[in-house]
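Structures given as C-alpha cells follow.
What follows is subunit A paired twice: with subunit B in the first complex and subunit C in the second.
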Partner chain A sequence: MTTTEPQTAPDETPDSAEAGNWTVGLRNKFFGTYPPEKLLPGRQPAYLSSWIYVFGVLTIAALVFIIISGLVLSFEGPSWYHTSSVGLFTNSVHFWSVQLFFVFMVVHLWGKFWMAAWRGHRALTWMTGVVAFLMSIGTAFTGYLVQTNFDSQWISFEAKDGLNAVGIGAWFNVTNLGQTLLIHVCLLPLVLGVIVVGHILLVRKHGIVPPIDVEVPAPAADPTDPATTEVKS
Partner chain B sequence: MSRHPDADVVSRPWTGKTRRYDIVKEGVIAILVVGVLALALSALFSSPDDPVLTFQGWAKSAPANFYTTTVQELAGTSESAGYGPPYNTASDGLTAGPLNMQKLMGVRIPVDTAQDFVITPLQTQQQPAAVSAAVTAWNAATPDQQSAWATALDDALTAADGDPSKVPNGNYGPVPTLAAGLLAMGQSGAYDGIFMAQSPQAPGGPGFYNLDYTKQILFLGDGSYLDDAATAANLQGNTWGMMNETGSYPGQAWLWLYSFWYQISPFNNEESAPFGSNADAWIFYLMMILSLALLLVPFIPGLRSIPKWIPIHRLVWRDYYRSQHAGAKE
Partner chain C sequence: MGCPGVREPVDPRPWPVVPELGGHPSVDPEVVQLPAGPDKGLGIARVGLAVRGHQSILTHPGLATKAGDRCDVRLRPAGPSTLGPVVGTLGWSTTRARDGLAFQMWRWPVLLTLVMGALDSPAHYLHWGPILVSVPNLIVILTMILIFVLALVIPFPKDKDDES
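So, the complex of A and B:
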C-alpha cells in the first residue's frame, strides 16, 4: 500500500528539510514581511487624519485610467484618434487622466516633503516615489512625441537639441517615431509599474510616517527598551 | 498615562491610538471620482490635435523659404548641415566646461543634407529634362565645385533677403535648377510621399516601412515654416513653450522648472559664451543635479530639516497635535 504522507529522512527535521529551498525561502520572506493584516490593514494610526493622504491613492486611480485608455489607444494605433470620434474621446481620457495624475502626484509629493516622510527607515519609500515621478515625466514626454500631429513635430524638433547636447540623443532619438512609440507604450509603463508597486509595498511595510516630534503613549515600562527612552531630536 | 517624545518610534510599528480605516473602499471611491473627472473633462474639452505640417504646405505658402533652405542644404549652411553629432561631423556640438558628451557619442544617426534632402528625392522621381541634367551635373562635379556653386547662390540669396527673384546672374552651376526642381516636387505633394518612403535598408532608394522621421523633421525645421507655426502657437522655448500645448490646453506643466532656466540670464542669450551658447547642455546637467538632490533629500543635511523648520506639518497633523496638547493639560 502506498502513502501520500510527506516523508522526511530519519535525520531531518521539517525545518532542515526545507533549508536551501528557494521557493520556501521566498514565501517565508514575503509573507513574513507582509502578513495579510499588514498588506490590507483594517486600522491605521489615529494621526492619519488629513485630506493630504488621499492624493496618493488618487494618483494611482488616475494611473488606472491612463493605462486603460492607453491600452485602447495602443490596440487601435497612434493615428486612430485623428479620424475617429471614439478615438478622439479615448485620447481625451488619456490626456486628461495624465493631467490629473500629475496634479495628484505633485500634491502627494509636496505633502510627503512637508511631512518629512522619509523618517524612520523610509528613505527608500521617498526615493522610489521620486523615481516614479521622474519616470512619469519621461513617459508623458514620449506620449507628447507620439501624438503624430503638429505638436509632436515641434516637440521632437526642439527636444532633440537638449538630448543631443548631452549625448543621449545619439541613443534615444526623439524624431524616430518607432523608437519613441515603443518606449512609450512598453518600456516606460513597465518600469513605472514595477516602481509604483515597489513604492506601495514599501509604504505597507513601514506604515504611515508618524508626526514630527511624535509623542506616543509609553508602552509597559521597560527601562532597557530603547523604544521607551527619550531620544533627542 | 505618561507620554514621551520619541524620535525612534517613527521606525517602529505604531503602538499608539489607531482608527478604523478602509483602504479598499478608499481606492474604489478614488477610482470612481477620478473616472468621473476624467470623463467629464474629456466630454467638455476634448483634447488637442492640430494637423501636421507638410512639405507641400511649406512649398506652397513660403516658396522662397523652401527654395532658400534647399540651397542651404546643398551649400552645407543650414542648421542641420552644420549640426555636428549625432548627425555629422560639421561641428563638435555643445559643451559644458570640458565635458562634450555630444562629440563623445559620435555620429550615430548619419545625415547628409545635400544627398538625403535634395539629390536622392530628385533622383527617385522622373524629372523634367533640365532637372535631370542638373542632377547629373551635380553628381559629376567635385565636392569643392559643388560647394562653390551652392555657396555662391546661398550668399546671393542672403544679399537678396531670401528672394530668389532678386538674385543676380552668377556662376551657380546646376544649383538653381535643383532648388527649383525640389520646390516643384514640394508644391505638387510628390516630395512628401517620396521623402517619407525612403528605405531604411537601402538608403537612396524607395522603401516601404519607415517609422524614423529624423530627416523629415530636420529639413522641416531648417526652414522658417515650422518655426513660424510654433511662434504663432506660443510654443517657442523662450516663451515657456516647453510646457505649453497648442490651443488653450494645459501642456507639460511639470516641466516648468526645466523651462524656467531658458527664460533667465545667462541661458536665454544664445550669443553669450559659455552658458548661453551651450544652454541646452548646461540646463540638462543642472536639471539632472536638481533631480538627484530631490532623490537624495533624506540624506542632505539642511534640506531634510526644512519641514521641521517650516511647520506646515502642523496643518497636516493638526488633530494629532491638538489631542496631544489637550492630553498634556489634563
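So, the complex of A and C:
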C-alpha cells in the first residue's frame, strides 16, 4: 500500500496558497467594500422618512418596466406591436414607462441637487447619476427614432439636419434605421445598465446623503460607514 | 374641410348601419374618423377603439366643430348610424346598446376618445419673449414641480416600531 504526498507543504496555509490569485483579490475587495449588510441593509437612517427619497427607487422600477417591455418588443417586432392589441398595449407600456422614468428621474435629480448630494465623498455618485441622465436622453431619442411610424420619420428627418449642422451626421446617421435600432436595443441599454448598477453600488458604498440640516450621530455599530458617521460641520 | 394634406383612410369601406342607436336626444353622436397616422403612444386608449385599422373618435355635436378644425381629421357624414363598429369593438353588441345601462357604459370611451383626440392634435404654444413652450410640455413641467413640492411637504408614513 502506497501513500500519496500532500500537494502542499504542511506549513503552507490556505491564505498563502491563494496569494496572488486575482479572483480571490477581487472577491476580497468587493465583499470588503460591500458586506451583505451594506449591500442589502435591513434598516435605514431616520432622515430617509421622506417622499423625496422615494424617487430614486421609483426611477429604477420604471427602468425595470422599460427593460422587460423592451425585451418583449424586440422579440416580437414591429409587425406585432403595430397591429395586435397586445402588441399595442406592450408598446404603450414601454412608452409610458419611459415617460414615468423621466418624471421620476427629474424629481430625483431636483431633490439631490437641492440637498447637494455630492457631499461626503459622493462626487462620483453624483457624476454617475448625471451621466446616466444624459445616456437616458440618448436612449429615449433613439427610441423615438425606431418607432417605425410617421412620427419617427418626422423626428429623424428633423434631427438629421441638427446632427449634420454639428458635423456628426455622417457618423451618426439617424435615418439609418438599422444603425439606430442596434444603438437603441443593444449599445445604449448595456451602457446605461452598467452606469445605473455602478450608481447604485456607489450609493450603497457611501450611503444615502442626509439632508443638509440634519446632524447624524455616529453609531457605534459601524464606525466605518460614511452614511452613518457624517456630522454636519 | 379645406385642410391640406388630408390622407385617405386605409380602409375606405363604409361603416355598418345601426339604426337602433339613432336619434338619442342627449348624445346624437357622430363618428370622426382619423386616418392611420403616427403612433403617439396612446395604444392603451386605442386597444378598445381600433376599428379595422382606423382610429376613431366619438364626439358630441357641440364639439364637432372644434374637432373639425383639426386638419388631420376626416369627418364622415354626421349620423348615429356610424356608431356600430365602435360599440362592437368595445365588446358590447348593438342590441345591448339599446338598454340604458349599456348606453351609459359607452359614455366613458367617448370621454376617453375626446382626450385622445386632444392629445393627437397639434399642440398650442405659449410665447414669452425668447421663451417658447408647448402647452403639453408646460403641463408636464408644472406636474413635475407639483410632485416635487408634494414630496417635500407630505409627511411620510412612519413605522409604529420606529416611533419610540
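A few notes on this one:
Assume the second predicted complex is superposed on the first by the 195 of 233 C-alpha atoms of A that agree within 3 Å, B and C clash if a C-alpha of one lies under 4 Å from a C-alpha of the other, contacts with A are read in each partner's own complex, and residues count from 1 in each chain.
Everything that follows uses one rule, which is that contacts are C-beta pairs under 8 Å (C-beta built on N, C-alpha and C of every residue); 3 or more make two chains touch, one makes a residue touch a chain.
As the structure is a computational prediction, the values presented were derived from the model and not from experiment.
In the overlay built on the shared chain, the residue A:D151 is in contact with subunit B and with subunit C. In the superposition on chain A, contact of A:V107 is made with subunit C only, not with subunit B. With both complexes placed on chain A, subunit A has more residues touched by B than by the other of subunit B and subunit C. Shared-chain residue A:H82: touches subunit B and subunit C both. Of the two partner chains, neither subunit B nor subunit C is touched by A:F31. Once the two complexes are overlaid on the shared chain, A:I52 sits against subunit B and subunit C alike. Contacts of A:V131 after superposition on the shared chain: subunit B is touched, whereas subunit C is not. By the touch criterion defined above, A:W96 lies against subunit B and subunit C together after alignment on the C-alpha atoms of chain A.
By the touch criterion defined above, A:Q44 lies against subunit B but remains apart from subunit C after alignment on the C-alpha atoms of chain A. Residues 46, 49-50, 52, 54, 82, 88-89, 91-92, 95-96, 106, 111, 147, 149-151, 154 of subunit A lie in contact with subunit B in one complex and with subunit C in the other. Note for the complex: subunit C touches subunit A at residues 37-44, 46-47, 50, 140, 143-144, 147-148, 150-152, 154, 156, 158, 162. Across the interface of their complex, subunit B is touched by residues 40-50, 52, 54, 57-58, 60-62, 64-65, 81-82, 88-89, 91-97, 99-100, 102, 106, 111, 113-116, 118-123, 126-127, 130-131, 134, 137, 140-141, 144, 147-151, 153-154, 156-158, 160-171, 173, 175-179, 181, 206-207, 209-219, 226-233 of subunit A. Every residue of subunit B that touches subunit A in the complex is listed here, in rising order: 1-24, 26-27, 30-31, 33-35, 37-39, 41-43, 45-53, 83, 85-86, 93-94, 96, 101-102, 104-106, 108-109, 211-214, 216-218, 220-221, 226, 229-230, 233, 235, 237, 241-242, 245-246, 249-255, 278, 280-281, 283-285, 291, 294-299, 304, 306-308, 310-313, 315-321, 323-324. Within the complex formed with subunit C, the residues of subunit A that make contact are 46, 49-52, 54-55, 82, 85, 88-89, 91-92, 95-96, 103, 106-107, 110-111, 147, 149-151, 154.
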